[in-house]
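Read from first to last, the chains carry the letters A, B, C and D; within each, the first residue is number 1.
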Amino acid sequence: MTDRLAVDFCGVRFKNPVIPASGTFGYGREFEEFYPLSTLGGISVKGTTGTKRTGNLPPRIAETPSGCLNSVGLQNPGIDHFIAEELPYLKTKELAVIANIAGSTADEYEEIARKLDSTDVDMIEVNISCPNVKAGGAAFGVSCQGAAEITKIVRSATKKPVMMKLSPNVTDIAEIARACESEGADAVSLINTLLGMRIDIRTRRPVLHNNTGGLSGPAVFPVAVRMVWQVANAVKIPVCGMGGISTWEDAVEMMMAGARIVQVGAAIFADPMAPVKIIDGLSEYCQANDINISEISGTVRPW
Amino acid sequence: MTDRLAVDFCGVRFKNPVIPASGTFGYGREFEEFYPLSTLGGISVKGTTGTKRTGNLPPRIAETPSGCLNSVGLQNPGIDHFIAEELPYLKTKELAVIANIAGSTADEYEEIARKLDSTDVDMIEVNISCPNVKAGGAAFGVSCQGAAEITKIVRSATKKPVMMKLSPNVTDIAEIARACESEGADAVSLINTLLGMRIDIRTRRPVLHNNTGGLSGPAVFPVAVRMVWQVANAVKIPVCGMGGISTWEDAVEMMMAGARIVQVGAAIFADPMAPVKIIDGLSEYCQANDINISEISGTVRPW
Amino acid sequence: MKYTVNTYKLIQKTQLAKGIFDFCIYCPEIAETAVCGQFINVKAEGFFLRRPISICGIDRRNGTLRIVFEVRGKGTLALSKLNTGDMMDITGPLGGGHFTMLSPDKKAVIVGGGIGNPPLVPLALHYGKNATVISGFRNESAVILQSDFAKNGADVILCTDDGSAGRKGFVTDALAERLDAGECDIIYACGPMVMLERIAKAAKLHGIPCEISLEERMGCGVGGCLVCACRISRNGSEEYLHVCKDGPVFNANEVIFND
Amino acid sequence: MKYTVNTYKLIQKTQLAKGIFDFCIYCPEIAETAVCGQFINVKAEGFFLRRPISICGIDRRNGTLRIVFEVRGKGTLALSKLNTGDMMDITGPLGGGHFTMLSPDKKAVIVGGGIGNPPLVPLALHYGKNATVISGFRNESAVILQSDFAKNGADVILCTDDGSAGRKGFVTDALAERLDAGECDIIYACGPMVMLERIAKAAKLHGIPCEISLEERMGCGVGGCLVCACRISRNGSEEYLHVCKDGPVFNANEVIFND
C-alpha cells in the first residue's frame, strides 16, 4: 500500500516522494513536535555553508498574495556542526537525508562536498540559486558557465548523488539544467525563489531589511510547473520539483509536469501538517487509481 | 483636488496615473457599461498587429493562486481597423490613448509604428514580451540585442513617445531596459506576464491549449515591484509600472518603487471597478497627506 | 450603465440534488434588465476569477434572480457553502447573445443535458403548452428542475443514461423522435459540447432554427480580454467570437465544433 | 507532541476598545500545556502567513485560552470579523522562552505598553498583591485590561501619553519612581522596542532581573525557517536567535537593541 508511493531517485530510495524544502524545515527537529520525521520521504536540510553564518538583518519575511518573500541569507551553523550534531540525529530517523549546501566561492562548495562525501547523507543538493547572499549563491546559478563550474567541482569532490538546485531568475532555465547535466549532475531540483520586493508605504522602506527577497508559496506554482516541464524535457537526469506546492493535487501536477519527487516549502508556514496531508492525499490517489506514484511522472500530454 | 493626481509622462498629460493594462480592457467600450472612460488616466489598448490575428485555440485562461495564466495570443483586428474604428471613438473620450503594438518581425513593428505616427494616439507601447505567440513577441524582449533592434526601428518610424514593454522572463531586466534607453526609448513599461503552466490532473493535459501562458494578477506583484525598482535605478527615462496591482496601496507601492504611472490588468477580472477604486484611493491618499501623487515616485529608501 | 457589479444578498438556498444548489438572490438592478440566456459572474471567496453562472429565473417584481449550479471544483464548492443572508459579489447581467423568444404560440423544443438544464427553465415557462422539454441526466439522483419545466404545461420528457428515471438513453434520441413526430419552430439547447453538436446536426437536418448556449473559461466576462473564444462561422468567414459578449447563446448553425 | 495544529471554536468575543478585541477560544489541547509568555499562531482567512498572538489567559479547567489583539493590518482585521461560534485555525502553544514565574511572594514589577499589555495579565494574577503593574497607552480610549490586572490585588499604575487617563507620561518614568521607591525582585515587560530598551537599561542600572517579550515577523513559528531573528548576546558572543523558538521572552540583558 505505502509502497505505491516509493520512488527511486538517483539510486536513493524515498518511501514517498514528499520532502520538506531546504530552509523551511530546519533540521526537522522542531517538526517532530507535530509528527514523526519518518512520515516523510526525505528531508532537505537548511542550506549549509563552510563555516557558521549569521544571515541577514531582520525583518527577513514579508507576506505577499498567496506567498511570502524571505531574506534569511543562509543563517546556519556550518558544515562541521551539521555533520557532528544534526546528521547523526537525522540518521536515527527513517527518511532520506539530503544535505543542501551553498558557498561564496567554488572552493567553499568543494570543501563542503568533500566533507559530506565521507558521511552517510543520502544525497547532496547544491544551492546555486540563493537570491539573498551577496557573494556566491545565485551568482553561480544564473549563467550556464557558473552552474557548470560548480557542478564540476562538486562532482569531483564526492561520489554522493549530486543534485543541482536551479534559480528561476533566468531567461532560459533549460539551458542551465543542460549545463549541469553535462558536467555530471545526477539530478536537478527547481525552483528556488523568485526575486521580489515589498515596500511598507507608511515608512517608505522595503519590508525586508535586505531590500529584496525570494518569493515562494502558491503564487509561484504556475511558474514552477512550467520550468519543471521545460527542464524535464531538456535533460535526461531526474528532476525534483518544487515551488508553491501546497496540496496533493499540486504534487500530482508537478509530477505530471516531469518531477519524480517533490519538495514542499512555504506551504509549511501556512500549515505545518502540509507535507503529511500531501502524502496522505497521494496515497489515496494511488489507491483510487490503482497506480504507483512514479508512473505519473512526466505524463502530461501537451496539446 | 483631482490635479493632485495629474502626472506628466513623456510629455503626455495623464489626469491620473491609472491605466487599464493592454489586453485586459479591450478598447474600453465594454467597460463604459460600468463607468465613463474619462474616469481613467489613460488606456493601453489591446495589442495590435499589422494584420488581423485570430489568436490561440481556447482554453485561453487558467486560474492560479491569486492570479491567472492567459494565452490569448494577440487576437486583434489589425492596425488599420484600430485606426479606423477604435481610435476615433477613444479620442472622443477624455483620456490618454496608448497604442500597444506587437509584430512577428521587425518590419511589422516598423509598419505599425509608421501608421500610428500620423494618428492622434498619445503614445506607443511596444510589446516585445508577449509569451503567447510563436514568432516575435518575447523573442525580441529576452535579449538586449532584440530589444535594442525593435526600439531603434520603432524610434525611427515615429515621433510619438515610444514606451518599450519589457518581459520579466529574463535574467537581468535592468540590462534590457538600458538597451532600450540607449536606442532612444522615451519610457519603459513593465512587467508583462511571467511564463507559467497549469495541468488538469484528471485529463493530464495542460489547462491552456497553448500549453503555457502568461501569469499575472496579485501573485506576481512582488516580482513586479522588484523589477520596477531595479529598472528605475538603472535608467533615466520614466517607468510605467504594472504587474499584480489591485488596490490603491499597491499602486502607491509600485510608484514608490520607481513607477510614475501604473497599469492595472488582471485585477479587472476580479473586480471591473478596480481601476476606479484605485483612483479614488489615490485621491484620498494625496489629500490626507497633502501631496501630489507624482511626488512619491521612486521615494523608497532602501536599507 | 448596462452592467452592475455589487454585493447582493442570498435570500434562499435549496439543495436540489447531490452537489446541486438552487440560489435565490435579491439583486433588483440586475433582475430589472436581465433576459433569458444571460449569465452572472460570481465571486467565490478565496478565488481570483469569477464563476459564470446562467440565470435560471428572473423575478422582476421581487427583484430576485435564481441560479442553479453544480459543485464542479473549488470555486463552486465555496459558493455552495454560502448561507441564506450572506452577501454575494456579482457582476451582471452579462451576455450579448441571448435566447430569441418567439411568440409563445410557436412550438419550441428545449433540450438540456445535466447542469445545462437551468438556463432553459424560463424558455419552458414562456412557451408553456407549446414547449417540449427533453432533459437528460446521468441517473435518477441527478435529476433536477422537472416540476419547474412543467409548471406552465410543457411536455417534459425525462431521460437518464442508465434508465433509473424516465426513459433510458440520450436526449438526442428523444429529440429525433420528437422532430419526426411533429411540428417544431425552434430548438434551444444547453449541455455538453458533444450533445450540442448532435443537436445542431439534427436541427440542420430538419431545417429548424436552433440556439445553443456555450461555455468557455472566462476572464473579464464582458468582452475586454478575449480569453473566452469560440469558433464561429459568420458571413462566410471563420473567426473567434467570445462567449461572454457575443454569446453565451449562439445560432447553432454558426458554431464550429472542434473534432 | 508538544505542538498542536487544529481548528478551534471561538466561544466569546468582546471588544475592549476601538480596534481591540478579546477572544476566548475553546482549545483544550493547547490550554493543557500552555504557559505564561507563550503565543499561538492564528490563520487569518485569505492570508498566507499565520498571525502570532500572545496568550493573555489560560483556563485549564474549562479548556480555554484568552487572546487580546489589536487590528493593525489586513490579517488582524479579518480576525476581528470572526463571530462567536466560528472556527479558528490555530497552532500552539508556541514559544520556547517564556516568563519565569518566581514564588508569588516575590515583588514583581510588570510594565506593558499598548498592545504589549495582554501577555502580562497572567503575571499580575500570579503575583497578586506583590505585583506592581505599570501599563501605558496612547490615550484614554486605548486603555484596556485594567480590572484584569487588578483582580488579585496588584497595584496598577495607569499612564497615558496625553494624560487623558491615569498619570500623564511614559511607563518608564513610572517605573523609575517605583524602582526608587521600593524593593523589586523581577521586572517583566512587553511593548514597543524603544520602551523595552529603556526598561532594560533601568533594570540593569538597578541590578534587577528583567524579562521582555519580543516581536518579529514570522514564517513557520516553530524554529524551522529562521526568519524571526533577533540579536542576542549570550556566553560572550552575539548571535541571531529566534523569537518563535528561543523566545518570545528573553532575558533583557541578552537582547541587543538596534540603534
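A few notes on this one:
The working rule: a contact is a pair of C-beta atoms (placed from the backbone, for glycine too) under 8 Å apart; a residue touches a chain by one contact, two chains touch by 3 or more.
The shown structure was predicted, so the numbers you read here are calculated from the model rather than taken from an experiment.
For the pair chain C and chain D, there is no chain touching both partners.
Taking each chain's centre as the mean of its CA atoms, C is the chain most distant from chain A. Of all chain pairs, the one joined by the greatest number of contacting C-beta pairs is A-B.
Each chain gets one centre point, the mean of its Cα atoms, and the points for chain A and chain C are 47 Å apart.
Averaged C-alpha coordinates put the centre of chain A at 36 Å from the centre of chain D. Under the contact definition stated at the top, not a single residue of chain C touches 2 or more other chains. For chain B, the set of residues that touch two or more other chains comprises 57, 62, 64-67, 217-218.
Taken in their complex, chain A has these residues touching chain D: 23-26, 29-31, 33-35, 46, 54-55, 57-68, 70, 72, 75, 217-218, 266, 268-273.
Taken together, the chain B residues at the contact with chain A in this complex read 57, 62, 64-67, 69, 142-143, 169-171, 194-199, 201, 204-206, 209-212, 215, 217-223, 225-226, 229, 244, 249, 252-253, 256-257, 299-303. Of all the residues in chain D, the ones that touch chain A in their complex are 1-3, 5, 43, 47-50, 75, 91, 216-230, 239-240, 245.
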